[in-house]
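Before we start, here is the structure in question, set down as structure tokens.
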Amino acid sequence: MPVFRTVYRRPRESGGPGQTVAGSATLDSRLRGSESATGSALLEFRAVDTYYGDLHVLKSVDYRIAAGEIVCLLGGNASGKSTTMKAIMGSVVPRRGDIIYEGHSLGGVSTAERVRRGIAPVLEARRLFPRMTVWENLEMGAYTRRRGPEFDEDLARVFVLFPRVEERLHQLAGTLSGGEQQMVAIGRALMARPKLLCMDEPSMGLSPAYVEQVFDIIRTINRQGVTIFMVEQNANMALQVADRAYVLQTGQVVLSGAAAELRETELIRHAYLGELKLA
Amino acid sequence: MRSTRVTLPRDWTLGLFGRIPARMRTPLGIICLTAAALLFPLVNGSDADIDSAANALAFAALALGLNIVVGFAGLLDLGYAAFFAIGAYAYGVASSWQVQPEWSSFWEPFRWLDLVARYHQAGGDVVHFQVSFWLMLPIAAAIAAFFGVLFGAPTLRLKGDYLAIVTLGFGEIVPIVARNTPSITNGAMGLNGVAAPQLFGYDFGVNATPYYYVGVALVAFLILTSQRLKDSRIGRAWMAIREDEIAAATMGVDRVRFKLLAFAIGAAFAGATGTFYVAKLQTATPEMFMFPVSVMVLVMIVFGGIGSVWGVVVGALLLQILQSWFLEDLSEWLHAFGRLVHIDWLQRVQLASSIELIFGLILVLMMLYRREGLIPATRRVSGLSLEEQTAEIGRGGFDGLTAMAAWDRADSGPLLEISGLTVRFGGLVALRSVELSIPARAVVAVIGPNGSGKSTLFNAVTGLVPADGAEIRFAGHDIARLRPHEVLERGIARTFQNIRLFPNLTVVENIMIGMHARLAAGPVGALLRLPANRREEAAARERALEILSLFGNRLLPRADHLAGSLSYANRRRAEIARALASQPRLLLLDEPTAGMNPAETRELADQIQSLNRHGLTILLIEHKLDVVAMLANTVIVLDHGEKIAEGPPEVVRRAEEVIRAYLGRSAALASV
Amino acid sequence: MMSDYGVLLQQVVNGLSLGAMYALLALGFTLVYGIIELINFAHFNVFMISSFVGMWALELLGISGQSRVLTGLALAGALVFAFAVTMLAAGVLGVAIERLSLRPLRGVPGTAAMITTIGVSYILFNIILLTVGAGSENYPNPLPVVRWQFGEVMLELKQLLIWGVALALMVALHVFVSRTRLGKAMRATAQDAEAARMMGVDVDRVIVTAFFLGSALAGAAALIFGLYYNYTSFIIGYTAGLRAFTAAVLGGIGSIPGAMVGGLLIGLIETLGGQLIAVRWTDVIIFSILVLVLVFVPTGLFGRATPTKS
């Protein structure tokens, strides 16, 4: 019986079920059982609370992303997806809870240091530097690194993934189409040689053809060993590419589990459309 | 055991002060102040001191004027001295021998009015201007006001720092023009022979005392004017513009009119002061009106407290006293000290000439450490009782909505009709040919994923965003090309997704700005405070409190708190209250329940429903679809700027296109 | 007797020399604006103080007045020393102003920071006025007076110096922002500070660098002023500053090529305006240009539309 968890979920003790509206224990454990118990966690959110002024945005949120996975973060408007990305990069500082990367807390770690440690962002709406060339944008991606053979390797890899990028290397980034910009944005992030790639809505504003390309590339990059944590509105596409998914609704994780299973249920739709059962 | 407590004399005076009832404190204070001001020349006989005091009063008047432009309306004017100059030269030319046109019959009626005189000269008869000082005061104010509008008009659309630079430009051009047109102004040498004022035959001459009293009267009048304007519809409109121009416009404030009014009144203050100052000095040179003077007045208001009427007066007086008395005395002490310790440099230092350095230091230090000034404009508020702090979640919505205007009772055709609405931002199409028809008394919800154009739709309806060639009809009238405040006047009010209250104004003031378009008081009425105006203000405040009371004890106990200090949910409620205050026929709510917990959401949903039941038509952007299901008759779904579905909530929710819009297309991807 | 055409041509040459100096001053101003969108009034009095520093540097070398003339290597050495000292001092002063009075205000919305720069400007201005006094100071000038005649137009060595220094500095700046890591970080920050931060850029360091470079350019312009006019005084921050400010606005505040072109244009307007209308009206002309550009074409010649702050 498909059900969904309400917003009144208590912070989850490890292994315990959250409160639900009607008995859903079966689905609960089924969904949670598919979480990676094996594989070390590359990134973890532990009971993270963030605020915007006095507005409680993320409410005791837990994520666990194992190395090598593609995990997507889904949810409707104003659910806290972008804030999650910002918290990982360090623009937003949690008021409570902890963000753990490679076993160490990211508390107090600067954005630049996080990039150096291997977290790179692909920003919402690309946000390339419009009056710098494609080449300069790629260079900026590698800002925290030294030039050298590794840099050249990564550049070559980017060119292989994105031949169009190489074609347009000396064009001003602002003159590229949306899809081309997205390629450059991903390439720019890859130039940081990241272990964890944080993508904020990679498919937004792209034509269906480009959306397919982007998701193809995500798979390829992942096969090359990059862990991917992806925020997406386009749940259907995201679930076809991801291993696991979390679903946010008004700042709380209301669903989590294997992408394959979430694809089948109606729960996603309920969560997306912000459906709320009140006492 | 000996008591170790020492009772200081201060305690005694504080005790005395505390025994005066609060109600009496302000009038008593004013009486004491007035008495001190009037008695001052009798107590201190030194003409030099009285002259310094008169100068100080002139600058206090300037500070009051600049306070209106910068402090009330938030327009940073760096060229304020230009208006000072204009008022000064106006009187200078009108009462000196500088300008002497040839006599002709044109001047006869003026001679009859005793404004000019005819003088015989070798080359022919000439006109000598001799306009009376008292007549010139309001005339110079009017001339300066005219220039205030002239210089202010180009700046209306500029943002803060660009506006400042343009006013700086004008402020510099005026004295340079004065210097370069010696035929009118006698250039750098200065206008001489300016006539001293005369009162009932008594000529003011060079004695400082009569000027001092004129100065006191001038400052008193300007304080009264400032205070009255501040506590009126005009002042509220200015402060709304200062806090958030866009929100002010959507709440009915005509930005152009009120910005120009601020420039005009501020300039008028300076114009009158210019006349006074020049009459006292009996000369006017361009150097008296250059950029340093504008900066000095700015430092005075920053020091005293931007926006606070008494604050800027105190700031001006203190800085002038500093310059003319204290620094002189301090220099004397330093000379003596220098003689004592045989330091040559100390014996020669002249602190008075370093006044500008001190001004610069004061400006920087105040900006860094106390931006609100000595006497801040915002008041302290009393704490809340425990009962006032806790609020119970109510259900069932509003009762007692009799304060609202007559709303649509009959189903009389569509209230809002939109067709062909396309909005472009550069190359991006935010809305594409949107069509919409909202019947009266309906609740229509607009939903859609991020970036689908929902807020843009609201912006187009309320005139914030141009609607290319669209037709937008409200109650039969075309409103597509109206400016935001005109849209509000027609009866459409809105709230904003990211809440745009006026943070440094109290909750009540925020609500009363919502009423701006429904009140009638103008600047003259505000100044004179006629019985009709006072009645209107009292009724307005009462109505505001009534609207606040609709929300139980969430807002009412906080009526005099600054809006910025409210919790997130309360700020949402206050914004809705402000929109309701404008007596709208159509209410546009942009994500009203965002950030609220389920119980608060349900409470607000009930309240919205009761508003609708009383006759208010509602257009609602909302993400929580059960709220939508509860409230809406019709749901409209936008995706990428286009309307992809329309219908009752239950139907829309299950529609293929809607689900696809939210969850995304599942393209034919090769499966993993 | 020069023909009208010759007079005009001479003024064009003079205007381009002045313009080069204004361009340097405007460049420094626009560099800072491009990154943090701040109108820094203090910039122009940093310029003024730097001219005094340059004067003292030259006096240190034993040069005073225009009587002591150097040539060849000695001249080059003296100039290099003077420029280095002046630019360094100016840069340090600019950074000090930023750290002490502007950094605490970062994030405060509205015009608070700009008002603070007015205060700082006042402080600098009055420090010089009170210590050195209101008179003009005779500027030490080791440059030999060499003139070349081209038809009706006369070219002086010091004009060549101005063009040379200005060109060299502009090229250096261009190389810095387009080839070096920190320079590209500056450009990135000016275009999207948040995204730059996400790339690991230390935005604070970028801001300090902008202030240092901008002020150093003002220092160079200041030394040029002294060598060109053979005097300096406390008021030059105001007079030259107005022109440089208008140049930056005319070219488009925040745009580097804009500042260069704007500077040259204003230099030409000043000399030709003074020639064709009257010198005492040049201030009004320049202020009018400032007002007209801001009101009708706020983005200037090369600038991009800055979004309205809501």
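Chains here go by letter, A, B and C, matching the order in which they are written, and residues are numbered from 1 within each.
FYI, a contact is a pair of C-beta atoms (placed from the backbone, for glycine too) under 8 Å apart; a residue touches a chain by one contact, two chains touch by 3 or more.
All of these numbers come straight from a predicted model, not from anything done at the bench.
Chain centres computed from CA atoms place A at the largest separation from chain B.
Across A-C and A-B, it is A-B that has more C-beta pairs touching. Once the centre of each chain is set as its mean CA position, chain B and chain C turn out to be 37 Å apart. Chain A and chain C have Cα centroids separated by 47 Å. Once the centre of each chain is set as its mean CA position, chain A and chain B turn out to be 45 Å apart.
Contact residues of chain A toward chain C in the complex are 89, 91, 111-112, 115-116, 121, 123, 127-132, 136, 139-141, 143-144, 188, 192. Residue ranges on chain C touching chain A, taken from their complex, read 181, 184-185, 187-188, 191-192, 194-202. Contact residues on chain B toward chain A in their complex (touch as defined above): 449-451, 567-568, 591, 594-595, 598-599, 601-602, 623-627, 653, 659, 662-667, 669, 671-672. Interface residues of chain C, counted against chain B in their complex, comprise 39, 101, 104-105, 108, 110-112, 114-116, 118-123, 125-127, 129-130, 242, 249, 280-281, 283-284, 287-288, 290-291, 294-295, 298, 308-310.
The residues of chain B lying in touch with chain C in their complex are 76, 78, 154-155, 158-162, 164-166, 169-170, 172-173, 176-177, 179-180, 246, 295, 298-299, 302, 353-354, 356-357, 359-364, 367-368, 371.
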